[in-house]
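Should a chain be cited, it is by its letter among A, B, C and D, assigned in written order, with residues numbered from 1 in that chain.
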Amino acid sequence: MKVLDDLWHFAKKTRRLRLGPVALHYHFRRRAPLVSNWWLQRQQQIFRSLVTRDIPSMQTDSEFCSERAAAAPLAVIIGAGQGFGFALLEKLAHQGFHVIAVARNASRLQPLFHQLTRLQLKVTLYSCDATDEIAMQRLFNMIEQQFGVPDLVVYSVQYFSPGRAMTIELPAFEEGWRNNCLGGFITARTAGRQMTARGQGSIILVGSTSSLFARADHLNLAVGKFGLRALAHVLAQELWPVGIHVAHLVIDAEIDEGVPGDLTRPKADPAHIANAVLYLHQQPQDSWTCEMDLRPRTEQFWQHC
Amino acid sequence: MKVLDDLWHFAKKTRRLRLGPVALHYHFRRRAPLVSNWWLQRQQQIFRSLVTRDIPSMQTDSEFCSERAAAAPLAVIIGAGQGFGFALLEKLAHQGFHVIAVARNASRLQPLFHQLTRLQLKVTLYSCDATDEIAMQRLFNMIEQQFGVPDLVVYSVQYFSPGRAMTIELPAFEEGWRNNCLGGFITARTAGRQMTARGQGSIILVGSTSSLFARADHLNLAVGKFGLRALAHVLAQELWPVGIHVAHLVIDAEIDEGVPGDLTRPKADPAHIANAVLYLHQQPQDSWTCEMDLRPRTEQFWQHC
Amino acid sequence: MKVLDDLWHFAKKTRRLRLGPVALHYHFRRRAPLVSNWWLQRQQQIFRSLVTRDIPSMQTDSEFCSERAAAAPLAVIIGAGQGFGFALLEKLAHQGFHVIAVARNASRLQPLFHQLTRLQLKVTLYSCDATDEIAMQRLFNMIEQQFGVPDLVVYSVQYFSPGRAMTIELPAFEEGWRNNCLGGFITARTAGRQMTARGQGSIILVGSTSSLFARADHLNLAVGKFGLRALAHVLAQELWPVGIHVAHLVIDAEIDEGVPGDLTRPKADPAHIANAVLYLHQQPQDSWTCEMDLRPRTEQFWQHC
Amino acid sequence: MKVLDDLWHFAKKTRRLRLGPVALHYHFRRRAPLVSNWWLQRQQQIFRSLVTRDIPSMQTDSEFCSERAAAAPLAVIIGAGQGFGFALLEKLAHQGFHVIAVARNASRLQPLFHQLTRLQLKVTLYSCDATDEIAMQRLFNMIEQQFGVPDLVVYSVQYFSPGRAMTIELPAFEEGWRNNCLGGFITARTAGRQMTARGQGSIILVGSTSSLFARADHLNLAVGKFGLRALAHVLAQELWPVGIHVAHLVIDAEIDEGVPGDLTRPKADPAHIANAVLYLHQQPQDSWTCEMDLRPRTEQFWQHC
């Protein structure tokens, strides 16, 4: 398998083909096909129906997936596959949101999905690469057609591979920026355009310690997170007047991902961070927050990644 | 009257009397006697009883003033005489808090006080100069004895007299710092000591644009507000582990003080800012905020005083 | 010509070709071939010799180009084609540096080059795209072989196309980041690796107002400049102990580019900014600066791009 | 002696005497009489002349003290009694400045003074409390009459007594602010008024790590240093247009005070920091710095007091 790994590593690097006065730049990326659980389920149902000769119940399916409850606000979480995004999804669903959970590989979320849908909560999963503009546009178009314009969009992707600036490889550096910053831009712009037409909505960009402090060994996190902060500030000044609440939530904490027995240091309950997202979303228009930080009370300040 | 004004201006300046190797520094200040409405009412009752020969009903009095409802949390607002402090007082009272409102001259709050007490809300007024350590200690001792240790303390004093650094007078510069920063320290230390014993409580220090940006013409505000921010950060790092939530709320906004017809620029509803104070007070211990900003969505960023 | 423009615009966008589980991402870029004036001159000489049948004088050529004066420190300026880089080149050459000037299109610098070489000053020009890792590595290898390890490297590329976040195109956004930040990383890493072996050298990254303030209409500048600042802070903490002085010079000013009659607003003389670069380079090791700002005395603070 | 200490401690606390509607606030301070070495020497000379019956040589005296060399620029250092101020004094004198060294207790500087005057360098000592407005005005008037308007004024007083916010005493808190901030304001205003008339001059305010980071145990340093930073920013925006260069020099370092054998951690040579002061003073008017930091290359960032 090491041969394949090396080959893949080789294929990921950007290469150039000189063609006279221009050059073709290219590299390979893993495809994160835009797949919704709606289609997965449909496939499973069709498969099951083929096996059991049972006609799939369209009603049930559409009930929790392709239709949005009239009163339910719509939330989209980009980066739902990670600790905090995962908990945010659960929290918002319990609060009555119809939640669209987007992850690079949403299949990891299937168990949660089944658990939530059993509780009659509205959750839809999509696999989509947030740094892929075309896929994201298609995703948001699909969301708008099926469920409407989102009320709340959270960008919670974090990519961190520690390393010294002198040894870090360029693809890792670029990949850090693409996930920590570019994906935030694509998300905010795609969602922002839909929300502008409606004149309302919230876009929360999730930062970390490295959004404010760029320290040794944190290069490919800090460059992206500093950029995401710049993005949040610019967007706030451009979109608040339109009615869209852009905010930057700085999580200076380790997030409790439920690993049992791990009591080495204080952790923030992701459900409580989700509360902060909800609070920001619900602020009245004359008192909006652009930036706030969060950490456990027993935590040291600004020591996280 | 100008003679008296000049005389008072003259008396406020710090003077020195040389006494060999030491010097006596002195100046005059207006006395802000520590007076609670409890005493004012008692005096009125006694006065009324002398006139009407009716025995004052101690029960009624103690019911809404000298006793605290068992379940009611206790909030102390320093600087309740100003726009935001005033609205915060109202909001917290309506939210079920027993509110101690402290102002340099609490008599201005009497109309509100009567209005709120008619609604069966618990409000107690005190006149006290927050920059006077001895008076503040006496005040918090009195509060503890009568009502217990406060759950929430807000320092919302703001002193701003615009002026160029070259022409500003030293007493105005010192007075700015004393009100914007020293009073915050005295408040936080006095309340913090009481809260430390209990291991819980919230202290919210209210900042402004000048907490982060020191611009021309804002000297005596910025020096104090920068200092208050430093105070908030130090206190957070020292008191969070003890269980006391210190936070710095940066209000980058003009606060709506209800002047009718004034629509020149966007204003923040003080009741909504009060919501932010409540939100900070109610955050769970694993997700505390140290600093957040607030402004209306149609407001320019960082252009206020 | 509009057809060609549109075609080029079309070709610059990143496209994907799906190949099963992976995707090939590609786009076209203008080639910035790594060409030194040394070669240009050689070509001219050869051409001239073919025409005039005169044998090119290798001595003359190598005198000012392929050999470095023993005592002359070596400076590399990335982004020498722009206002400040241009003046820095002149200043450093006059200060006795052998200057390697690198620009995307160095041919624009030919007039200056001829002027400086006539004055017996040592200047070498290279065309190179700073965001192209392979080309930059080749460039620095070539520099090392011909002239040695640089003493001072300045990254002074700035890319700014104003625009609203909602309308800006993705290639422009990425291009902004690539020029304002990625090129700085590639420069610092390539130079830093050479300097690490020697244990000395200075790397100055040039920032602007948007390095600290992310305002409306400045998205594609601010995201890159925030990132460059993060890069500078990380590099300083990683490379100072090795002996390499990384510093971030924030130019909050319009730079005087010598347009006659343009007196609309105060401008910084680029030769004076060059002084600041020299000062940073010459600081003793026990008193290094990581960040400093510069602006004319009559300029408003933090109002530039 | 402990009785005297306690008595003095008691006398330093601010007390109030109630006088009807006003209150007299008073406390005792050690007198820092405004004494120049010129007078000390005159006294010594008179004393010597009484003893030796020798007439004091006015020429010698005035040569190095009461007259300023025509070409020599004039520097005033407030806080010359401390490590960095002391070295700055030496450096500036060697650079040809006539240096006025002001310390709370200038007698400690006598040995240096004699050493420098033996080298024909121009140094004048004054004892003066920088937080005493009247004394400082008198000092700067005296300087102007004797030597002219200063070209360079440096405020380098630092007062730090570590301690927790809950236990620190109010006089220590106020004293911290008075020394770290108020003295800077009095210095800048007094010098700034003189310089405004001339339309030139530099005022350098010296900050530390606590100017930017307010951490546990650093309360009475951080509150003053944050305030001094606000002061520097306001003054820069108000005085640069007049021609006065106000700058904030952040020393994030331990300063080498020449204690032999102390090699525990990296230290900044105060002569090199003095270079930075000189550099700031000599910047051309179109490229002024408002803020820069300094630390040894082997030092950790932002870990000092």
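To be clear about the criterion, a residue touches a chain if its C-beta (ideal position, glycine included) is under 8 Å from a C-beta of that chain, and two chains touch if they have at least 3 such contacts.
These figures come from a predicted structure and were not determined experimentally.
Most remote chain with respect to chain D, judged by CA-atom centres, is A. Chain A maps onto chain B through a rotation of 180 degrees [Cα fit, steps of 5, range 0 to 180].
If you average the CA atoms of chain C and of chain D, the two centres end up 42 Å from each other.
Chain centres here are Cα means. That of chain B falls 35 Å from that of chain D. Per-chain Cα centroids separate chain B from chain C by 54 Å.
For chain C, the set of residues touching two or more other chains reads 215, 233, 237, 301.
In this structure, the chains touch in the following pairs: A-B, A-C, B-D, C-D.
Within the complex formed with chain C, the residues of chain A that make contact are 11, 14, 16, 18-31, 132-134, 164-166, 168, 170, 173-174, 177, 181-182, 185-186, 188-189, 192-193, 196, 210, 213-219, 222-227, 229-235, 237-239.
Chain contact summary for the complex, chain C toward chain D: residues 233, 236-237, 240-241, 243, 245, 253, 256, 266-269, 272-273, 275-276, 279, 283-299, 301.
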